[in-house]
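Here come two complexes built around subunit A, the first alongside subunit B, the second alongside subunit C.
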Partner chain A sequence: GGMAAALLPLPLLLLLAAGPGPGRADAGQERRDALREELTPLPTGDVAATFQFRTRWDADLQRGAVSHYRLFPKALGRLVAALGVRELHLALTQGFWRTRYWGQPPLQAPAGAELWVWFQPTVTDVDKAWKELSNILSGIFCASLNFIDLTNTVIPTASFKPLGLANGTDHHLLRYAVLPREVVCTENLTPWKKLLPCGSKAGLAVLLKAERLFHSSYHSQAVHIRPICRDASCLAMSWELRQTLTVVFDFFSSGQGKKDWSLFKMFSRTLTDTCPLASQSKVYVDISPKNKEKELLEVSPAPTSVYEAVVQGDKKTYAVYDLLNPSLFNTSRSLNVQLKWKRPQDSSEMPIPTLHAQRYVGGYGLQTGEICTLIYNTHPYRAFPVILLETVPWYLRLYVHTLTIITKGKENKPSYIHYQPAQDRRRPHLLEMLIQLPANSVTKITIQFERALLKWTEYPPDPNHGFYVGSSVLSALVPSVTAMKDMDVEQSPLFTSLFPSSDGSSYFVRLYTEPLLVNLPTPDFSMPYNVICLTCTVVAVCYGSFYNLLTRTFHVEEPSRGGLAKRLANVIRKFRGVPPL
Partner chain B sequence: MAAPLVLVVLAAVTVRAALYRSSLAIFIAERVEVASPLNAWKRVVEGLALLDLGVSPYSGAIFHETPLIIYLFHFLIEYAELVFMITDVLTAVALYLAIQDFNKVVFKKQKLLIELDKYAPDVAELIQTPMEMHYIPLKVALFYLLNPYTVMSCVAKSTCAINNSVIAFFILATIKGSAFLSAVFLALATYQSLYPLTLFAPALLYLLQRQFIPIKLKSKSFWLYTMQYASLYLCSLVVIICLSFFLLNSWDFIPSVYGFILSVPDLTPNIGLFWYFFAEMFEHFSLFFVCVFQINVFFYTIPLAIKLKEHPMFFMFVQLAIISIFKSYPTVGDIALYMAFLPVWSHLYRFLRNIFILSCVLIFCSFLFPVLWHLWIYAGSANSNFYYAITLTFNIGQILLISDYFYAFLRREYYLTHGLHLTRQDGTEAMLVLK
Partner chain C sequence: QVQLVVPMVVVFSPGSVPGDLPRPLPFRDVQEMEISVNLRTSVTSHYEMRYRSTTGQEEAALAAATAREADAALHPLQDTTMGSLTIYVVPETSSLLPQGITVYVGKHRSALVRAVGSLAALQARLREVTQVMSFTASSIVAALSDRVPNGELSPDARRNLKSSLGYEITFSLLNPDPKSHTVDWDIEGAVNRYVKPVLDKLSLVANFSVDSQILYYAVLGVTPRYDKESSSFLLSAHSLPHVINPVEARLGSSAASLYPVLNFLLYVPERSHSPLYIQDKDGAPVSTNAFHSPRWGGIMVYNVEVPASPQASLPLHVDVDMARVMEVFLAQLRLLFGLSREEVPPEFLLESPGNEGLADWELDHLLWAHTVENIATVSTTLTSLAQLLDKIGNIVIKDDVASEVYRAVASVQSAVTKLSLGHLHAAFQASKEAVTSSEKAFFDPSLLHLLYFPDDQKFAIYIPLFLPMAVPILLSLAKIVRETRLHKKEPTKMD
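Then we have the complex of A and B:
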């Protein structure tokens, strides 16, 4: 419980560890281990923590076989080289980021497993490479990614532009799939941690213990591989591997109602030392003052420095703990960052995020239904466009002529629609639209669908649980209220450098809506033999009647002499004294 | 006879117009018994919307109509209700004229057989008189226009009405004796839904009979005429298919329309037997049973042609019924077409054995269909077996109805040639039995 009517300010704790070790020139490999932990106390008493680990590898995987892997994990390096992957983004998420109450997420991922990959132009059979890739990743991460096949893969045309260096963007090299039914558990966390150079033995990754991480409202772990510029002149290319983990702890229900938190309370561990392979290792705590009131909260121990930046349109202040600074670890060699609220928080409004959305299923019964998406633009005076990508499985037959988009009571025609209808058992529906959202408005998008009856073998083991429809994706360049400076990628904290920013006046946001759970009509699973028998009986009735009428002819009936039964009956009648038949 | 026909037409149009304006129109349009994936109006609108979006309507699995339907409704989408009402009226008028001509042919043939002494002496009460045949065409038009099945099909704007119209014109052309028009309309009907291919045999037999060509396998004139008719039919079919290719510049419509009809991938419930059977089929046998079910529609043609070669119109009726019962996506509109012919065989009434119980079965099942659908899909208190049971009962009712009419027809033929009062060798009254 504890859903406060008023929204409380959220100090943000960011742990950022970044560190390129000075690599040997011939090895050509550098590592910047940037662990960024963001701990964000959220209005409802939740605290969000984001870990980001970044490994940069100055190598060109295409040319020449690479055999020496130092910091970059060999499993992923060989995958990228063998299958011609240009960019890979895999996210495993449990729970849903409630944008309306928790604010804009740093990096959101849809519930379940999401995988999107850009392939190199040299790859000839993209579908084959995609299938191999999903199978190999399924083995690496112990997730059921092998269920990714053509029935849940789509080729978006506008939504997922490359996040790294890109020459041309032929969207036929892109594949996107989401498995909303996937669950994330310890088996997925362990191989993810193994990809880190120090594993979970040193550095910020010691905090990642499964028993605390999965006892949370939202848990998302992701792997992003992309090519980046090696330096500001961008003459050479490096590969960047980012591993991010976002977790939201609910302290109202588990933390005895107090909103103070500490690293030990959240993770049941403290930081003891840094990873020796890391060139940078930092913890950022969001201590942004709300309503210009400072001194509302206190962090201990004292931070090594304070960092101010405009992140996602808001001016934020971070207390920075540089773990490589020897003065940080005192005699006890353990760092336990604590945040205490100086006085009870008074109800002050938390700023509503500029863009948020929700989606639900309307209608009743098992024949038809309606998918409704509501998109809110809360910016007071700026309108901006948003790209909506919907992937609907083939067994919910969408009718695109019923698509209606209503803003402020009037019809809103999208400026770009790309619709690819589904083919039964072969590919899902893909609907991509560019919708202009006027300032301070709610846009409602509805589309009707019909539910199909599947073959009895196509239902999952619990058919009445329903079928999941993956989250829809909203991509937008949201205008920010405060101007943002262009920052150098190497020097800025990791949390600002995943998404490219084109100019200082807007920031890129990718939001996901809720996944949907839809029931389909089911046949009776105990009846296959009965149905076959009964239907074949009906067909046989027809065949039998027609056979009789076609092959037999009418005859006058001859009196029969009487068979055995008649003679026996006559014998009995003679005994009874009754006249015979 | 024009005035009563006009009255019937007016009444039918009024009923349809009233239903179009009422709230029942939406309810009827959604009923699975009336609209199947092949002929639902919602899917026609969807196909046109896809065309507007620049996507081929056949790229998805929603649209299974032929390109000529796209072409027709591209221009007539505003007047859809009017189009369907006019289609129904045209069908009824075509059937009216066809049966009028057919009655004349029957009467002439009857007279010829009486003069040739082919009939037994005591069958006067079995001979059809012009008095009783006078109102049959009107009854046929009435049966078609005011049949609740037809009305629902029209209100739902199911393209089954267009299919029925083409078949009615084909029957009219056949009875009038024009082989060319008959072949063209049959090609159109086959092009739209594939199964009217089996109506080639009764039409050929009728036209041969009309030309007084004897149906002997060794006769040269028989083969000559058959080749002529078959080539007319095939050429018109090829011309129509090529025209469709040029409309959308692709052959995509062939797997979408004919592949869909033959392979039955969509298991939406309907009044037929296919959907639940293939929903519960073991995957291994799927192809085998699809082939069995499809062959089942086509393989009654040759035996019926052999048995009913003297009576091609009855053959046409039985064949239409078999198509309506066993096609892959039947709707009540298909049933309405063959039921329109029942007044033509009203003289068989005295030989029908189970007509009361069969009509009760059909009426009860028609009422139970929406009830059990609601219980399964909306109330959640029944399951698919209930709806499936009613499907089975309804189909058995239809099958027994057709075989009852067939039995009565054959029996009357026997009585006509052997006399009504049959006696055995010793003079006692005899029973007639099928052996």
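Then we have the complex of A and C:
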């Protein structure tokens, strides 16, 4: 494995990576695995760290009755082979990546659980395989993926293309679902760590300590499985498993206003050794100079090398720590990468990303409402198209005729629209649009909806919390300000190689907007019981008095010994020695 | 009532016919055996024996030099239906059988038996042979172990795997110390060479799938004890139960199928804990350095030879000797399927099954036990289903569930009939179908009893009605009681 680190002037980025190294020949199969981690400190004082672990398996999973696993986890391998999976992408996320303030994410995921899968053309019943797959994954990752059913599954036509090798892109083999309500915690992290060949016992994964990772502003863990070319000639296929984990720590508030950080401060661990199975293991720290003020930052210990690349349109410099380089552990037994600011930094702003978006619910009352999406293109002179995917649950009834797209005060006609209306209790709304974003513009997309009434058994627990509407997805090829060089995918760090870049002038970005929380008219669920109690009490009281009336026997009362006054008088008379009345 | 019928042919070669035959050859005879499982359940077995003398071809075959050659030559002349047995009685002085051996069991469904003087003695010997080759009382009881009262079951009976439609076999190589050892094993070749022939033979019984994995940093749950004398580490027998749990968490569940998993683990101990030996209850080292866990699988410890030069660079490359490992794992596999060859009387000689790994009669042995077990499982499943229906009166039985139940009952009946006709294979197939149908019916999601509103909760909802209504009734009852008492005391007060 290898590891590299880079620092930006304000945003610092630390990447730990194990990239592919020389493979070991083993029974005619060459297997390699790679790990990478990335840390980005953000201007607000946040530090983002991204781990990427890649396991490459030079074998055809789909063929052969007997399967023998070495580094690739058996549980996932069996799944891919048994259900005819071509590509699998699962992300479990807690929190929301604030693109506007944190910049373009290396790998964003929507809040909650996201699963999208391409199946092999040989799969006859895709829906059945999809159901089975989500059930099994929910068992493997201890997540409620078993709640994925027809009512939250869509078949996008344009937004999700295969990321690996693919012969055709017949979108009927694709399924996409998001569960925005899913809460991610330790029980999801443990099975994820167990898929790593070295577990959390050695290598970069020792830093993955649940109590630190979940004490953060954003946590996202993902699994990507896809077929890739074995070598440059692409005559044979390999399977790639990429496990990524992104976490954002808030250091400004917890570190007395200082933006310095170290591995130990973040993870309360340091790196002591490498995973002996890794062919590359590197830490990258983002040390890109901003405003030519390189001297502002200081990383220690000295990096083994420096790597420069254009990542998502920005020129970046990374300090690289190669954990497989024995000299790294010569001086001290453990590696604790530290970053210090030479003088206190005032609020220098992070550059606003070229593409970012916002979404919210408008309207008032419990009958109708409006979903508004704002998409920003901050590029000074280039326009570019973006694909917007909206999935809205059936209980929000969209009125498509109210769809308006307004850019700079004028109506913007999308060049492609795919709309699939919902069916009650059967499938959600799917709206996909290709929208041209003019340079330096804000595009506002609004659509009105009506809230449906649910049956009383269809409300989830705590219905007054509201109903989630999953994030909408923006996919775009964003024109780059700086020209990019073509890189050999196998040699470049992992964080640059998941999404293919078409050419040097633009880069692929996928963004997710905020999930929405919508209130539906909610009945008072205790009402039936209250009604029963009240009516029963009334009936019982009526019954009681009626019963009393019928069963009571009346006697003629003999005159008693007299009232209280008379008895009192008698007592007094007794004291006085006078005969009573 | 289940009746197991074993069709048998007893062939007398010239000079081996006992003197006290009741009738001249050929004739038929039936022997019975009663196997009682518990107070209410018992299984009867019938051995339908047909006695005859050899044909010319058989005589020629029996003239072979060794028992193995005779067995091979006799095979084409036999009835090869599953469950049937052919036993050749050879003269007492025959040189076919080695000295001191009275019974030779071949690779297929036949045995050679040395003649004894009287028919009664011969029949006693034949009974032993049939029990080895088809089923014993204990193997049937083990198959019905669910119905045996707890204390009465021998530990061996609990070892056998439950009958299932399929099994998953997983070979795992545990390397807790990848820094010091790079372990390579040619599992693919070993599976093809050693395991596949056995599983091909067993494919009649169930579906098998085989896979393997390598797990790193997987450690046993017990720290071994260091023994100064032998300068080695020891795992004592009583600590073995604690070994498996932490490893099992790493093995990964078989998420993609519902079949039971058989785990075979090869453990290469860490450098700081090697060599590692397993001790038996008496403290002696176990020769195979392996142990098995009932209904779960087996673990073998594979010690890495310490290199001669201590400066040898780490990691050490280790190539696993798969023949040695697979020998142990296959023996454990046989043990888990109840095919152990250890309980055979000493005067028996069993032909080694050779490449196939399993003799035909051993397969029959498995089929007998599994058929009986399947029938018992189906009857248990259907009984529980019936109990559930009795408990919840308003449960809805859908048509497809009903048809599965009918199918299960029909299949299990046909299995029982076929057993009593001696058609083992057909009976086994029918019992498998019965299991499938009954499980499908029992696990139908519509039969979840939580779907039905329990009566006590209905009552709880109406408590606000019942309670206030009960108050005046109870009060007036109390009043009546009080008045009657008063009435008795002072009868004179009434007019």
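The rule we apply is simple: the second predicted complex is superposed on the first by the 490 of 581 C-alpha atoms of A that agree within 3 Å, B and C clash if a C-alpha of one lies under 4 Å from a C-alpha of the other, contacts with A are read in each partner's own complex, and residues count from 1 in each chain.
Note that a residue touches a chain if its C-beta (ideal position, glycine included) is under 8 Å from a C-beta of that chain, and two chains touch if they have at least 3 such contacts.
In this text the structure is predicted, and so the values were computed from the model without any measurement.
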Considering only touches as defined above, state whether A:G139 meets subunit B (first), subunit C (second), both or neither.
-> second
Quick one: classify A:Q423 as touching subunit B (first), subunit C (second), both or neither.
-> first
Hey, is it subunit B or subunit C that touches more of subunit A?
-> B
What is the contact status of A:N548 with respect to subunit B (first) and subunit C (second): first, second, both, or neither?
-> both
Is A:E557 contacted by the first partner subunit B, the second partner subunit C, both or neither?
-> first
Looking at the overlay, what does A:H401 touch: subunit B (first), subunit C (second), both, or neither?
-> first
Check the residue A:V539 against both partner chains and state whether it touches subunit B (first), subunit C (second), both, or neither.
-> both
Who does A:T368 touch here: subunit B (first), subunit C (second), both, or neither?
-> first
Does subunit B (first) or subunit C (second) touch A:S305, or do both, or does neither?
-> neither
Could you tell me which stretches of subunit A are touched by subunit B in one complex and by subunit C in the other?
-> 532, 539, 541, 543, 548
Could you please specify the touching residues of subunit C with respect to subunit A in the complex?
-> 170, 178-179, 184, 186-188, 191-192, 209-214, 216-217, 249-250, 252-257, 315, 461-462, 464-465, 467-469, 471-473, 476
Subunit A residues touching subunit B - in the complex, by the definition given at the top = 364-368, 394, 397, 399-401, 417, 419-425, 452-457, 521-524, 527-528, 531-532, 534-535, 538-539, 541-543, 545-546, 548-550, 552-559
Parts of subunit B lying in touch with subunit A, wherever the complex brings them together | 30, 32, 42, 45-46, 48-50, 53, 55, 59-62, 265-269, 273, 275-283, 293, 296, 300, 303-304, 306-307, 322, 325-326, 376-378, 380, 383-385, 388, 392, 395-396, 399-400, 403, 406-407, 410-411, 414, 422, 424, 430-435
Mind pulling up the subunit A residues that touch subunit C in the complex?
-> 26-27, 65-71, 73-75, 78-79, 82-83, 136, 139-140, 194, 197-199, 201-202, 273, 276-277, 529, 532-533, 536-537, 539-541, 543-544, 547-548, 551
